[in-house]
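Naming follows writing order (A, B, C and D), and every chain is counted from residue 1.
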Amino acid sequence: MGITLGPNQYGKAETRVVRVNRHGDHHEIKDLNVSVALSGEMTAVHLTGDNAAVLPTDTQKNTVFAFAREHGIASAEAFGLLLARHFVRSQPTVHRARVSVEEYAWDRIPVTGHSFVRRGQEVRTARVAHDGERTHVVSGLRDLTVLNSAGSEFWGFLKDEYTTLPETRDRILATVVNAEWRHTDLGTAWDTSYGTVRGLLLEAFAGTHSLSLQQTLYAMGRRVLEECPSICEVRLSMPNKHHFAVDLEAFGLDNPNEVFHAADRPYGLIEGSVLRDDVPAAEEAWW
Amino acid sequence: MGITLGPNQYGKAETRVVRVNRHGDHHEIKDLNVSVALSGEMTAVHLTGDNAAVLPTDTQKNTVFAFAREHGIASAEAFGLLLARHFVRSQPTVHRARVSVEEYAWDRIPVTGHSFVRRGQEVRTARVAHDGERTHVVSGLRDLTVLNSAGSEFWGFLKDEYTTLPETRDRILATVVNAEWRHTDLGTAWDTSYGTVRGLLLEAFAGTHSLSLQQTLYAMGRRVLEECPSICEVRLSMPNKHHFAVDLEAFGLDNPNEVFHAADRPYGLIEGSVLRDDVPAAEEAWW
Amino acid sequence: MGITLGPNQYGKAETRVVRVNRHGDHHEIKDLNVSVALSGEMTAVHLTGDNAAVLPTDTQKNTVFAFAREHGIASAEAFGLLLARHFVRSQPTVHRARVSVEEYAWDRIPVTGHSFVRRGQEVRTARVAHDGERTHVVSGLRDLTVLNSAGSEFWGFLKDEYTTLPETRDRILATVVNAEWRHTDLGTAWDTSYGTVRGLLLEAFAGTHSLSLQQTLYAMGRRVLEECPSICEVRLSMPNKHHFAVDLEAFGLDNPNEVFHAADRPYGLIEGSVLRDDVPAAEEAWW
Amino acid sequence: MGITLGPNQYGKAETRVVRVNRHGDHHEIKDLNVSVALSGEMTAVHLTGDNAAVLPTDTQKNTVFAFAREHGIASAEAFGLLLARHFVRSQPTVHRARVSVEEYAWDRIPVTGHSFVRRGQEVRTARVAHDGERTHVVSGLRDLTVLNSAGSEFWGFLKDEYTTLPETRDRILATVVNAEWRHTDLGTAWDTSYGTVRGLLLEAFAGTHSLSLQQTLYAMGRRVLEECPSICEVRLSMPNKHHFAVDLEAFGLDNPNEVFHAADRPYGLIEGSVLRDDVPAAEEAWW
């Protein structure tokens, strides 16, 4: 019996880089939060503290800033690809790089060419994994809060001795969409693709008459796969943000599904993936 | 020498009420977070625990929900006025009511008439104070994040032995607008007024060539007062969200104000108010 | 009618300074979050952007670090006093300084003299206000979470048409203590005083058979004033963190106050102050 | 080519249950946040919204409360085992249950037998996975913040064209320990075991002269495995909370590692696992 080192990675997390492109008075900005994680020949550093194979996380941060200057930031995905390939190519001890990016969107304030207001809805995400041979790109979004005030039912479920929930044919369905989708084409037009997928997710959420949040989740993932041939897998995590119709009978009032209490905790949590059945799994794309 | 009770208030905080208005398949929603604070004849409850003058906070919560059904939610301010007056009018032991409201905005998903996506920029706020005679309404917003990538300088400041900051004629100016404004007209069209003020704040932020964040703050408040005759006071709290140009010289790269590090802490914090000089102060409107 | 500048202040917020004192292998650490706010001759900067009276917030940050080296950090209050007096004394344009400090406590890991684990209960606070003549010190704490599982009742309250809450003779009383207390003696032994007040607050919370949270709040403030002659005012803000006994009847189970749901929102919020009646008010100490 | 449902699970997250055990005036409390996730025959609900195989998340919540009454809460792990086995055993459509628990610790206020103050350091965690045959228990903690003000070096690392970090023989090492460990013995005395592991993690952090945070991480995991025969795997995620010595030279001051700036972002993030080499992997224990 022995004790041994298992899977491990290290890197600089949450480097907050803002890139301004200046076309005269007309500016464009990219606002990213970049996290790098590297793995490879890291046994010595764990067992003896020998850092000879370790590229400092400070260097990784410097690289993020320098690459923003040298290469610009075409998109979250493109920037992640540049960085991931750089770390693996330039350091023999680094066998795998994962770059995770959050992007914050800004809208223009139409007064100058250099004034912006942060959009504030969802955070766009991207993760790139590269091991010298294979490269994976997963795009995503989180914190996109949506609500249907009609078109949602929940009935016909299992009942046991702890079940008290009444069936309903009309409830509010509210959730926070957290979604990621894996690409098979590394030449995707990333920004266009993002807008397309985001739109499809919203449309499918709104357009699905829902008998359960699982059904809505699956419909959202399926819609993306149907419309986007170069996306092969969608993973969704969606809390059921309960809106309880308030019982107002004690006050002589009815409540025909008009007044709701938006509850915090507990909440349902629905997690699922939708896949193409002819594309090999690639679990390594996701961590 | 004696020990005595000083100023005090109590109430139910953060009742999360969502109101759906149904016009056939076309729905409208109002999504509020309502906090009530009452004060009055509360010496006995503090000194002896005698609750005879205390309207339970649970009752306050019920009232929020019942009023949403009975009266609807015309606007954050109108709903706050209804509630504040109710508590003072209906309970002799309650001499003053303050109702604070946060409102979360939703946009339509243009697929059905009942599908919405949360806007996610600023949170709209309102506070109403009523003491049986006087009534004050303060509207506001918070968490509106804005950025100018040009048109901002900072120089000519005081220098002492601890000053190392270089002067600059070109920096990023980024802040989070937290603003509140006091009304003199209780008949204001609240939603229209809100949109107007929000637009003025953004315009003034973008349109002011800034020599200091204080100057921008003052220009924003002044613009609101100039355009809105029934607003008499604007209070602003704006962090200076530092964006530091990264020194890339060590990597053989220049940085003509293109690559920035968005820092977390510390940050500058600028707080100020802009007033009409002919309107009496009303500190009680603000707490 | 004119538009004019009202009250204002500015400064560097949240400078995170950690000071290590080394006595050979035995170290001591102070871990602070320091916020400075200055006011004075600031009309020009607001109206025209003239920064001649403005000590940059960057300089304020530098001063925090330099003072930590030059003077050490004897306590949150003592460090705040040094800084506040420095800014007013050294800059004629600065008429008032407020220094707010958060302190995070660390316990030793008894393996070396230089290993620590963050205590993680309450955050200690201090605020110092100095205007060249008068100086105020307010100490405090926040986020100290406490609970009594017996000894709490709530009955005999007002009932109106929206009241449904049943009376109770046995409930859980849970709250998060946020307290601040004003000193009349600037020569106080700050760390000793802090420990004393913290202990009194806990004792009074635990030792008061409570008929309302207001009664408990007042008892806590009164206890501090009774035991600490050089404290003249205590302000408390305490949410009523509701723990609802779960109704298990549908499952054939009773619930003799053993199983509770700890709710998030809404919550009661009780705010009050306890004063000595022979000490003049000093509102300027608190902002 | 077809589109198909991939891995999925659903359940009620974050049920906040507090259990009071009364021994006369001497009370004990358990304060948990329980999340359940079930999976099994869930194709129909995703594809067509047929809920016949779905035990509502509301029922899961009720079960948590009812079990707290019926069985008490012996420990986070024991409670998770009860729940996970119940869901799989009682519902044929449920093939796998995962129960995740957070536990918040309370200390006594030594005034009564029923008064408590929340400890506020780390959150204790447990996760139980059960699929009808195999059962896995993983215990853990998160948010345990620790710091060594001596005994930490970092040098001898890789240098490339983006490296500017100087080597150091004396730095502050601060991190937030997030650790989980997998048990091979389901009859473990869970509370005793937790205290043991927590103590070992602190001792190894403090007692390791560190040449890199990776070395410290590995030493912490190894120590747990060496001392606890029925633990087979430890996973650690530890941010390197950078404390930068402030350069005070501009102010005529040296800084012999006494004054530090505690930075927020970016931060290093070190993740790794330590394993027994003779125990089969069980990835299903962790999600």
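Going forward, contacts are C-beta pairs under 8 Å (C-beta built on N, C-alpha and C of every residue); 3 or more make two chains touch, one makes a residue touch a chain.
Which protein is which chain? UniProt says A, B, C, D = Uricase.
Keep in mind that what you see is a predicted model, and the values were worked out from it rather than measured.
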Pair exhibiting more inter-chain C-beta contacts, B-D or A-D: A-D
Far-end chain from subunit C (Uricase), centres as C-alpha averages: A
Intercentroid distance (Cα basis), subunit B (Uricase) paired with subunit A (Uricase), Å: 30
Distance between the centres, which are taken as Cα means, of subunit D (Uricase) and subunit B (Uricase), whole angstrom: 38
Whole-Å gap separating subunit A (Uricase) and subunit D (Uricase), where each centre is the average of the chain's CA atoms: 23
Sites on subunit C (Uricase) at which at least two other chains make contact: 15-16, 62, 66, 162, 164, 250-251, 264-265
List of subunit B (Uricase) residues in touch with subunit C (Uricase) within their complex: 1-16, 35, 37, 42, 45-59, 61-63, 66, 90-91, 93, 154-160, 162-165, 210-212, 214-215, 217-218, 222, 225-226, 233, 235, 239-240, 265-278
Interfacial residue positions of subunit D (Uricase) with respect to subunit B (Uricase) in the complex: 161-162, 164, 250-251, 264-265
Subunit A (Uricase) residues within the subunit B (Uricase) interface of the complex: 15-22, 25, 27, 29, 31, 62, 65-66, 68-70, 106, 109, 111-112, 114-122, 143-151, 172, 202-203, 205-207, 243, 246, 248, 250-251, 253-255, 257-264
